[in-house]
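Think of it as A, B, C, D, E and F in the order they're written, each chain with its own count starting at 1.
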């Protein structure tokens, strides 16, 4: 379990039930028990099941959970993914929070799966990777969902991988010097990547010894030129405006990686619902 | 400023810069200063400017910020929304986090604005409201963005408003008894809303004295019948599957409120970028 | 369990035992076991038993607890309410914290029970409700204790229910406009309450469509007039200076609710003690 | 400022305004300014002014505060204790929380002042001290209020001072051995106190070298005997059931300290209110 | 378990595994199980075993732990101190954090044991005590390790014990007045200690009734004089620059306590490693 | 400022002054002002000045600080490094905490400087790097101190850099397969390092395409062989038991990096003290 999950669950509980669930507490006695099941309302790649489980158990540790599938699976509409059994008030208090985690993470996983399939179809072995354009507080979760969908992660933070951009180059005086300064300061285990906007910069990055060259907002013909200049001497990353329907245009031979911010910032939610069984606790 | 903002900002800083920004620290001295500006990359309703300001100032309190517009405004592509001036390393460390708040909140505000306009066009005075389908940890922010977009909020949590659903009715023995139990327990300042799935239930809810009747997943003809049964004796809320292009079908005279989960769970991000001025600190 | 309980328990542990219990650690070996029981030292309505249980288990999860009664029960002096069994040092380290929760919550529940009985005796069906005059950090607990005592809750926070006071009216230009502004902005599920100080204001509130009218610091004759003006068209809440011995004077027919700040801010503590059995662990 | 103040203020803000102040936000624009003043509604010893100040500034750092008196002063009804100037919505959002801190701390300070005066009247130099019977989370604040009232503090926690009770004596085999074990383990800077219930135990405590002897639940004649047995060889603390009206009976010559749990657990709240000036910000 | 342990463990997890263990997750499936053992790589006094256990269980509650010895024991190189069994990824994720706690606490315990033995050899009954020179966030842990090593604790904080230094004396006008002011303000259960730098100050402290007199940075001959002046009328604490090889010089008859900052601030780490058994999960 | 600094400062304040500073509050009035200066008591590389500044300002924001030097400077005994001016009680309450941060970080920086100089003397350009053997909660601070001392950082966490050890190789079936699995899973921006214990493993790592080869616990002759086998095709890291006095033996030509755990886990504290000026506030 990643370290920040409980922090997010607690924030969710505070915002949704700081003073309890007034409706359910009106109607159910504290010892009323039920069985509940969470069901997918559309075809999707499911993601977030262990977090959903933890939500229920944090609301009330006596709730028993069975997971009916595992994260990363493609499932069909109406598939039951989780069964819960325990005090009814606690089940209803946890319901929306558990669903909110599932809908977001499964949304990202499902959206990523589409990109992964489109990439696979090109047959070039290109990787689709995420970016740092994630929901504040949710980065480790969203990057996990991207992997569940079959895509890959780019760097997780500013702290370990070097990515030199225009500002850095200007301040350093030259691209070459920027790479040198980073090489001198950064851990020896950090790769150095340079963001380039022209063929000229690509050449400079190559000479400076960059290990990854990002082609930023270039069009396919320009990318093709860059790839032949680089000629396997560095890894090639394409970035900027690539959509599901244009992946094939950008996944040219020699392109190793395409980064797509939309994986995490614009995936639509997946639809789930929770149902309480009519005959409770038998 | 809402209470949980700093918690979210701190989570974001920890996930993005727990060990600093290795690239920028390689290249910029600690006392290197710059001016930066955040710019909208598309037409949108902007939202989150004060939070973005707080992100910069939390990374380094010496950063000076000027906001060039205010939350809730419709702005055009290339509009500068925020100017920042201060230590370059701090500006670059705050950049992505500030943008991540802005892109999500402005995305929700812009999406909500479309719904608000569609509702206004019907001329019925119907309100589009959000739901509890929000990102865990982000509810107060997302509900704020919905208001900036011109839509309205539904209840913020389980704790104050009563919403009786199928489970509650079953457990209480009857809809009437469920309403009675809630009336007996809940604060006198809580309105009582009942979720109904049939005209029969609508009638029962009315008799039980519900102050709001939710018509769940009903189609327009059924809604029309329900509205005439209710006949202003309770507020009418339509819920379930209403999309931007079908609002006009559901916003029948007598419908007071339409709730739309997509406002918060499926709004695409708005696009922003930050630019460091070429001539720093003049 | 409400979300903030563990936060309060942890604060209590840090302030009472940041460096352990120097006396008990001097004398008891780490594996010395005991049985302890918590006893009421006076007649009272007990409240806080599950929190007390959690205190013990947070200090040491191996402590076994049996609750001998349930929250909200009227019990007599010398009644044992909780039995605990486990490592002696842990029992003694948890003792005072568990008692401090119990003494405050049972104090509020017992005090509320007196008000609830006095209200019942009037036969008018009036509800005694609490206010927002609670101990910072303790609101959800104190409101729970009020319910255990047989009284009711008013709004839990500023966030969901509308309560228009003098300041709001002045700023809005008129009472009518204040109600209109609130109606336009607030969620449709919020009731609107207006605090009034004169019969004239009562009439304005009625015309403006307020759903609850608070009669603030009015004397019984004035209340009687207000009630007949309102004539069931809004809920009537009496507020200000009502004491246990004057409830009957204020609980006039037509008064729905009397709010009493003292329930939470001035209830005297209930008296408990913990006893370690002479013959430990048999 | 004590370390935990901000934690308590944040808990209070979360419970009272997690989603803002729906009433005030309906009516006041974000840039509407006001002046407010907090006034004592009864004679009292005031306590908590700097905390109240911090509440306002945490809600909005632009609020300007002037304190009109200082903690520990005896003030009269209608005395203004604090003036605040700033955004109206922020002032109203902070109001109740600031008052809730003031009412509790001033309540304890005022109650303690009565005990301090009663003790002073005996002319014996006896100290009235608090106990560990404090509100969880509030101990350092409540002990501060006790000092503002003119009484004194007993130990703050279990961690530094040794207080040997019946359980410890039983486990150690004898009072003498219990003192020896504590002397061997505890820091050399800890005094050793023994709780005694009989003259025989007093003698044993004296022989064992206890530096403070607590006479637990003894009546005045028994206390007198104990005092003459102890004969200044240890400090004498009287504990158990001493009330404001019986202090004189217990404050016998030779009694150094009387501990009173009620100072913190049963002090009634002091009454304050906040008024917004009619003519804002001129 | 002390209150702040989980906070420190969580900080450690966030800094070491905010985005998981990329190496182990590449190679081990989520359900791959192993057995691991932690072994001492040198002779030492072990300390921190229950914390190490908690680290593993916090990473994954399903990990089973057996402790093979207890804190405070002198153990030899190659001694296995803890066995763990559970999911391999979780074991490897917890490994370094568990070792980092063990290496520091066992380092302090081992270093303290050397001091305790040197003190014992003098036969004077002198106590070696720690100081407040501890690692921020770690004080209760480090003081526990000192005790495991056989040394003793000085005061844990500024809050309970009085220690009057040069600054206080200057401000009070005289040493005598400083002691009087402290006696008037501090809890009756606080001993009063005075730091002295000359024989003259020692005499003043004695007259003022100090219960402990600290001889700060005095050399053995001066200490001897001070001891005979004090003549058992106060406890004698020697402080400043005492090293393992000079304890015998300072532990003169009549010296009760020697305080040594190095116990906590300069103890070298003890060496441990964790080994995964070749044949997992049999 | 790194994200976790305030958390550590708050932990330190809670453990040292949860109930204030009883000595200083006895003697100094709340408005008594002083000037204080922190002085190095030995030659050292100073580190932690901005953190020390923040400690003072967190205790009381009105304290004014001047830093007299900057982190990473070699300074001489008696050099004043920081001047503070403000309320005396606050200065004394912050004193020990500020010193505790400075003593630890400057200790690590000074110790690292010795290693950096020894490495420089070899003339091979070898880097001395730290490890993950850091104090839980302190990793980002300790890694910063290592850089201030002139050494370099290894990976900050398990999350971004791949380091394949014996366990991983066993589980993967072969070193080659372990590298392949990591290459398939890890971000494309992660370098892959393999820990080797024999020349045979070095060859396998080379064939598998490892970008860094760690020679674990090898002696100089074996290292020499490995270096010539690797022949610049991968970076070479030496690890295990290298001490200040043996660096020259291990820094053979072709060795890029030597990692030394002792930099962070066994650096002795640097000695500082704070002095209050005799004539306060002029």
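As a convention for this text, contacts are C-beta pairs under 8 Å (C-beta built on N, C-alpha and C of every residue); 3 or more make two chains touch, one makes a residue touch a chain.
In this text the structure is predicted, and so the values were computed from the model without any measurement.
Asker: Would you mind naming the chains that touch chain C and likewise touch chain F?
Answerer: Chains that touch both chain C and chain F, as defined above, are A, B, D, E.
Asker: Hey, which chain ends up farthest from chain F, C-alpha centres compared?
Answerer: C
Asker: Quick check: more C-beta contact pairs at B-D or at A-F?
Answerer: Looking at B-D and A-F side by side, A-F shows more C-beta contacts.
Asker: Using mean CA coordinates as chain centres, what's the chain A-chain B distance in Å?
Answerer: 21
Asker: In whole angstrom, what separates the CA-based centres of chain B and chain E?
Answerer: Each chain reduced to its C-alpha mean, chain B and chain E end up 50 Å apart.
Asker: Averaging over Cα atoms per chain, report the distance between chain A and chain E in Å.
Answerer: The answer is 43 Å.
Asker: Spell out, as numbers or ranges, the residues of chain E touching 2 or more other chains.
Answerer: 4, 14-15, 17-20, 139-140, 156-157, 159-161, 187, 190
Asker: Does the chain-touch network form a line, ring, star, complete graph or other?
Answerer: Looks like everything touches everything, fully connected.
Asker: Quick one: which bits of chain F touch chain B in the complex? Just the residue numbers, please.
Answerer: Within the complex, chain F touches chain B at residues 1-4, 139-140, 143, 156-157.
Asker: Taking the touch rule as given, give the residues of chain C at its contact with chain B in the complex, in rising order.
Answerer: 127, 129, 152-157, 159-161, 187-191, 193, 212, 235, 237, 256-257
Asker: Which residues, counting only chain A, touch chain C once they are in their complex?
Answerer: Its residues touching chain C are 10, 13-14, 17-20, 59-60.
Asker: Where on chain F does chain E make contact in their complex?
Answerer: So the residues of chain F touching chain E come out as 4, 7-9, 11-12, 15-28, 32, 34, 88, 92-93, 96-97, 99-101, 103-104, 107, 132-140, 156-165, 167-168, 170-172, 178, 181-182, 184-187, 190, 261-262, 265-266, 268-269, 276, 278.
Asker: Which positions of chain B touch chain E when the two form their complex?
Answerer: Contact set of chain B toward chain E: 14-15, 18.
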